[in-house]
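Notes to accompany the following structure.
Labels for the chains are A, B and C, by order of writing; each one numbers its residues from 1.
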Amino acid sequence: MRSYSSLLSYIALGVLAVIASKTGILNAYVQIVLMFIGINVILSTSLNLVNGYMGEFSVGHAGFMAVGAYITSVLNVMLFTQSSLFGPPLLNPSSALFLFPVTLLIGGIGAALAGLLVAIPSFRTRGDYLAIITLAVNYIVKSSVENIQVIGGARGFMGMRNVINSMQDIINIPWALVWVIICVGATVWIIYRFVNSTYGKGIVAVRDDEIAAEIMSVNTQRMKMVAFMLSSGLAGIAGGLFAHVLGYINPGTFTIMKSTEVLVMVYLGGMGSLSGSVLSAILFTIILEAFRPLQVAKWVVVPLLLILLMLFRPEGIMGHRELTDIFPRLRRWFGAKEERG
Amino acid sequence: MALLEVKEVTHFFGGLRAVYNLNLSLENGELVGLIGPNGAGKTTMFNLVSGFYRPTEGEIRFNGKDISGLRPHQVTSLGIARTFQNIRLWNSLSVFDNLCISQHHLLGYGFLQSVLRTPKFRSSERRVKKTAEEMLRMLGLSHYALEFPKNLPYGLQRRVEIGRALSLRPKLLLLDEPAAGMNPGEVDELIDLIRWIRDEFKLTVLLIEHHMRVVMNICERIKVVDFGETIADGSPEQIRQNRRVIQAYLGEEEPVNA
Amino acid sequence: MSFEIFFQNLLNALQWGSFYALIALGYTMVYGVLLLINFAHGDIFMVGAYIGFFFATLLMGKYAGFSTGLPPAVIFGLTVLVTMVLTAGVGVAIERIAYRPLRRKGASRLYVVITALMCGLILENGNLALLGASRRNFPELLPNTVHNIAGVTFSNVKILVIVTTILVFILLETIVRKTKLGMAMRAISYDRMAVPLMGIPVDTVIVFTFILGSSMAALAGVLFATAYPVLEPYMGALVGWKAFIAAVLGGIGEIRGAFVGGFLLGFVEIFVAALFPSTLRDLIAFSILLVFLSIKPTGIFGIARATKI
């Protein structure tokens, strides 16, 4: 039973959040913030896979997010809603309830394939040169979207609200929140299991010493493929959720600025610390919201705060450690059976 | 049939000829030393065998299979393991993890199974961990299982690296200057360790070493290379008396002109 | 493309590439010494343009009711000099306040990179918060005469930009190859550990590097403002990222790489814009970059460090 305690408590919390939203205890603003926290958790943990565990420096996470966001949104609007772009819905709008996770997954797969644009060069390129490639991919995705007029080009794309609405017409609960909660749980679960398997630890071996890894039986190319595709795929899912939470996306949303935010979350949390990424995503989202009244000055105060934070904790909040390393008693709840090693 | 057969291998770095027309044949169970002055091409030879370099010319056969051109991890999965001149352990992973990860080719599961934790995943992880634990016990490293390699003394790091190479269950073990930087006590232990490994695991060992006490003590056969070419090949006794070897190490005897 | 149009575009590309090259210098030199991608550098360029703006308008008597009455060309020269000095101060200040403490604590260099990103944000948005979103027009200090030779038009500003950039290149190559500090810079990028042991004051070299890089960015800022006289707080962001790309394209850490990479990126952008719809400019330019770096991962002049095992 113990091995499921963390899962059960997460589900309980999630159900509680949904009930509280439904009954109005959590107002719309708090719900939005919760959903942004969730999306940021997915983004930071998935980028940590590449930047933390594998030790590369990807600066184009928003590009993959955009791929997922657009694929999922276009599919959903086309399939389930009446829109000026695509006309009447191709499927019964009520089927959105079941097919939403499918389109979300397709968006994720699309983003994972875009991740190949980085994964394949990464076989030969490392470090800062690879960083440029990720940067270029971010720009390429953004300007590709800008040039596809069918999906709105630079003007953006909307209609995702209707998709959520058609789900809520069937069962009236805040579906966007539900899906964010599910996806966050799934992301953390997947990454946790992956990086704690001997297979997944191969990416840490690549970070520590790629040559030794390749010579000591780790298929480094495959590990890089897996890490990049998993990372970008999850970013794509985060993008799909993001699009449906906001109801409107445009290419300008997915610039280097967005990538920078994710980078900050990863390094603030600590490279290669899953719990650090979760914590810093929560902290960062709350900080951003708390300083919203400052308007323009927000982006002066927040970076200053972050610089100070890094001065005090030059390895991020958690460093390389996990919460369970600092509070061993948590192991009873998380991480289930403590594996030897 | 020879376990490893290196046939007329030549390797160039740009214009520099690192290995020239080298032949080497290892029988099952042999313990062979590869010696020569610095820059003679010994480590290049290792890099060629382990697949890190692709030979410019020539052929490398392992168990009858041509392995030149395979990627290093493929070569490793056929059963060739090595250690490095400068220790290359994964320093942010525990000693135990170091020994587990080198069994990557034996895992037999992929990403999906690692997430879903299928029965196959569980049995495979159990097997890998058991091997690593056993290896640590045999090498007397159990106590350090959860340490990070960088925190261990040099001699122990060498031992961990050998353990990592052994845990992938090789048929051929390449040791690149295992005694480098060791004190006399550690060298004695190492000599015992290498002998024991060969007998215990029924391995073929190819050893690069500058430390003559190690080489002369444990090698059945010694190959001497200089400037990428073989200059001698024979038993320790023969090598000790070979003129060309003495020349390579000590230089030419020249008549003194007054 | 007719010969005149080609030549016209060539000239435009040279000018456009000059800006990239001048900014890329700062990236490449700091990287060579610290292995740090100084992401605040694009915004240093913006700061340079603004300092230039305020100093020039000050001399022209826009504030405090006094006018120096100097001829515009002299004002331009003074502005360039003063801007370079002041902006170098800003660059060094950032290094002292933000980067050095973190380095001293032995933080991973990526944390310094993130700090650099944050510094860039502070400069951009600090400017926006202080001065507001209104754009500013850089005064016309040099008479913008346009010449026409065989159907190719060029202004003297364009010529000034290109010639200055080439002079800067020669000057910097000389500094790096011939002076003690320059040689120390190269030594550090060659072997980081040995240099302090040889008694070379590393911090002095680092400060010197930041002075050089920031003043070149300031020069680029004033020249840019002279050629395209509209200033806004985010002007350095995109140009900065692209200049960084130019630096990598040339092979980061190499001064000639920064120049060649800058000009190359300028050419690609101008000619793509000339041949295709302008909305495709970024898409094609970055795709070319992606393909190029996939084939030659270390840039034009960068040398792959052989790993010895």
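Criterion: a contact is a pair of C-beta atoms (placed from the backbone, for glycine too) under 8 Å apart; a residue touches a chain by one contact, two chains touch by 3 or more.
The structure displayed is predicted, hence computed values, not measured ones.
*Asks:* Using C-alpha centres only, name the chain that sits farthest from chain B.
*Replies:* C
*Asks:* Count the C-beta pairs in contact for B-C and for A-C, then report the pair with the higher count.
*Replies:* A-C
*Asks:* Taking every chain's C-alpha mean, which one sits closest to the mean of all protein C-alpha atoms?
*Replies:* So the chain nearest the centre of the shown protein is A.
*Asks:* Just how far, in Å, is the C-alpha centre of chain B from the one of chain A?
*Replies:* Here chain A and chain B have centroids separated by 43 Å.
*Asks:* How many angstrom lie between the centres of chain B and chain C, each centre taken as the mean Cα position?
*Replies:* The mean C-alpha positions of chain B and chain C differ by 49 Å.
*Asks:* Using mean CA coordinates as chain centres, what's the chain A-chain C distance in Å?
*Replies:* That pair's centroid distance is 34 Å.
*Asks:* List, in ascending order, every residue of chain B touching at least 2 other chains.
*Replies:* Only 52, 84, 88 qualify.
*Asks:* In chain A, what residues contact two or more other chains?
*Replies:* In chain A, 211 touch at least two other chains.
*Asks:* Quick check on chain C: which residues sit in contact with 2+ other chains?
*Replies:* Correct list: 309.
*Asks:* In the complex of these two chains, what residues of chain C are touching chain B?
*Replies:* Going through chain C, the ones touching chain B are 309.
*Asks:* Considering only the defined contacts, which chain A positions touch chain C in the complex?
*Replies:* Contacts found on chain A: 51, 57, 117, 120-121, 124-125, 128-129, 131-133, 135-137, 139-140, 142-144, 146-147, 154, 211, 256, 260, 263-264, 267, 271, 296-300, 303-304, 306-307, 310-311, 314-316.
*Asks:* Under the stated contact criterion, what part of chain C meets chain A in this complex?
*Replies:* Chain C reaches chain A through residues 31, 37, 98, 101-102, 105-108, 110-111, 113-115, 117-119, 121-122, 124-126, 128-129, 241, 244-245, 248, 252, 279-280, 282-283, 286-287, 289-290, 293-294, 297-299, 302, 307, 309.
*Asks:* Show me the residue ranges of chain A that touch chain B in the complex, using the header's touch definition.
*Replies:* Residues 189-190, 193-194, 197-202, 204-205, 207-209, 211-221, 226, 230, 272, 320, 339-341.
*Asks:* In their complex, what parts of chain B are in touch with chain A?
*Replies:* 50-52, 71-73, 76-77, 81-82, 84, 88-94, 96-97, 100-107, 109-111, 114-115, 117, 121, 125, 128-129, 132-133, 145-146, 164-165, 168
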